Amino acid sequence: MHWGSLDNFLAMGGYGFYVWISFGLTLACLLFELYGLQKRHVNSQGDI
Amino acid sequence: MLKVRALECRRGASLLMSDFNMSLEAGQLIHLQGANGTGKTSLLRIISGLSTQETGKVLWNDVDIRTAREDYSSNLIYIGHQPAIKDDLTVLENLTVSLKLNGVKVDIKRLEEALEVVGLARRKNLPARVLSQGQRRRLSLARLWLDQRPLWILDEPFNALDVQANKLLEERLDQHLVSSGMCILTSHHTPNIDKKLLTEVSLGL
Amino acid sequence: MNWYKFSSPKTFYPVAGSLAPYFLGVAGALLILGLYIAFFLAPTDFQQGEAYRIIFVHVPAAWMSMFVYLIMAGWSVVGLSLNSKLSYMMAQALAPTGAIFTFLALVTGSLWGKPMWGAWWVWDARLTSELILLFLYVGYMALHSALDDVRRADRATAVFALVSAVNVPIIYFSVKWWNTLHQGASVSLTQAPAMAKIMLMGMLIMSISFWMYTIGVALLRLQCIIAEREREIIWMNEAQRSE
Amino acid sequence: MKIAGILQALLWRDIKLAMRRQSDVVATLFFFVVAVSLFPLGIGSAPSLMHAIGPGVIWVAALLSSMLSLNRLFSSDYADGTLEQLLLVPMPLTLILAIKIFAHWIVAGLPLVILAPILGLQFDMGAKDIGILVLSLILGTPLLSLIGAIGAALILGMRGGGVLLAILVLPLYIPVLIFGAGAVTASVNGISPEGALSLIAAMLTLGVVFAPFAAAVALRISLE
């Protein structure tokens, strides 16, 4: 564990902004896709 | 001989026909009947090999038309809804090209005779765009007088024709059948030919 | 066991539904493991600092974007040669996920590029190829949605997927050639860090996680597609009966 | 020879039809010239700049004007029903489409090749570079027609198909653009363009073999 403190971890050696947006956006896209599919699934089942 | 076996046909999600059977023998004419949207044109397109069916088979002399496409095409004249006429070519050029594309030797004298028969001889050098609907139909039908093939598939051939042209086409159909040709067509009225040669087939579930 | 039976959409529907959660579960577990490696086990790169950690999403996303397109083309071949509806649906179900990975590869690439190259976008060979791949995905999906007749849409997009997949290597090669001709960016995201074993490990685990995610999501989307098409047929039949 | 007669009739028909509608051909050519002339107006006309952008600009414009004419390849035959008749010609559709694509190149691609030297002069290209430009276009524009035919077959009969055609076809044009413009750029910079030219020739060979077949498959799907 070479980060020492949470602040250091979040700062990512000064590249925090780029790193966290990359990972955050990836997760957000995948979760959003799952959420959208869930909704589409419910729609495709309903009112037959 | 043409056979249609256990045909199922869909347009989009809707079922047009299922387990449809039919056979057509030399010297026989089938008149397809049915209301709008029952799949008359779809059936003709499948039989001519332009569309594919969901299931079932179309056999020409007991061979699936999908496996012997070119052989089948050379036995067939299909005339669809649209007259297949290029506006920018003259009447004579249109007829010449359509024959040449089907590998028919073009004899200019016979061509002019055929145009005479369908009443377009005087317009032979005019661009096709000046023709009326009825004249266009006559021009596309002119092939029937020039190209000897056993099977005719005609989609509404009587459309836009006047009384005289109607009679002309019926006479040609009679001749074709007597010389043991086959024909399948759609039409709003029953063609006035020898009843022994005519079979009515109704579509619609 | 009769596998052929599963090639019918109706029988495959419940199978897809019961398999999907497992794939998604494995994807989630591997994702956590991968992220742990990415942030806590992988050392800092002496040249790029911590920014190189973007590689752990960028490279797997870029790999996935290419793989998914090839697999779509594969399903298209199966569909065209066997005329099986399920294969077409499979290709259709994969497309949006592939497009998302392409988009992510582009965005993370440019997020890495800003601190490293000093610009959000550099015409680097990999990024340019990804951009063209995104165009192909968009074209595929646009073609499918523009065609109303599902049968035609399935088969037309299959032809496009096949033709464009053959083009993907040519595009990649031509872009690389172009890059050397015009002396493009010299540092690229993947060549910079001296690949430690643990980094490769992390990237591999993230990739497998994305793989599992893709399969799970594609199965779910497949279910939606099957259900939607089924419903349309039921509607049409009702309309016909009431006439 | 029956097959040759049929193919000859088709080629004659397509070229004759294009000649009777010369305005279409002329409009495409004019677009080519206008599009190329826009770039110096937008970017500036310093000689060094002209040398740098010339090959790319001419190639991009050739690509776009070739794409604009793609719609004509099948749509008018489709509208009047002659395309159906072509499908029923007793001959492999692949061969028929190969001829149609060739005819399209003669009326839409060849004029671009002929006009290109004049545009090359506008960008201050030397005789050798213009030669390479013409050569690259001779090898490249048939490829544009070949790839484009697949796209045109896929979008046949579709409302607003033009934009979709661009989305489908332009990404596939990229390698042709890269090697085509690359060959000329190399020549302008005094490097041998041979590599790029032979790559286009290789792609053209592949295209001639496979594209008519793919277009035939696509056309049958679209006409169902």
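We just call them A, B, C and D in the order they show up, numbering each chain from 1.
In the analysis below, contacts are C-beta pairs under 8 Å (C-beta built on N, C-alpha and C of every residue); 3 or more make two chains touch, one makes a residue touch a chain.
All values reported here derive from a predicted model rather than from experimental measurement.
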Closest chain to the protein CA centroid? D
Larger contact count among B-D and B-C belongs to B-D
Distance from the mean Cα position of subunit D to that of subunit B, given in whole angstrom: 36
Cα centre of subunit A to Cα centre of subunit D, whole Å, reads 45
Using mean C-alpha positions as chain centres, tell me how far subunit B is from subunit C in Å, no decimals. 48
Taking each chain's mean CA coordinate, subunit C and subunit D are separated, in whole Å, by 31
At least two partner chains per residue is the criterion; list those residues in subunit D. 224
Which subunit B residues sit where two or more other chains touch them? none
If two chains touch, include that pair; go through all of them. A-C, B-C, B-D, C-D
For subunit B, which residues count as touching subunit C in their complex? 10, 12-15, 205
Name, in rising order, each residue of subunit C that touches subunit B in their complex. 148-151, 229, 232-233, 235-237, 239-240
Hey, which residues of subunit C end up touching subunit D in the complex? 80, 132, 135-136, 138-139, 142-143, 146-147, 151-152, 155-156, 159-160, 162-164, 166-167, 170-171, 173-175, 177-178, 181
Looking at the complex, which residues from subunit A come into contact with subunit C? 1-3, 9, 12-16, 18-19, 21-23, 25-26, 29-30, 33-34, 37, 40-41, 44-45, 48
Tell me, which parts of subunit C touch subunit A in their complex? 24, 35, 39-40, 43-44, 49-51, 53-54, 57-58, 61, 96-97, 100, 103-104, 107-108, 111-112, 114-115, 213, 217, 220-221, 223-224, 227-228, 231, 234
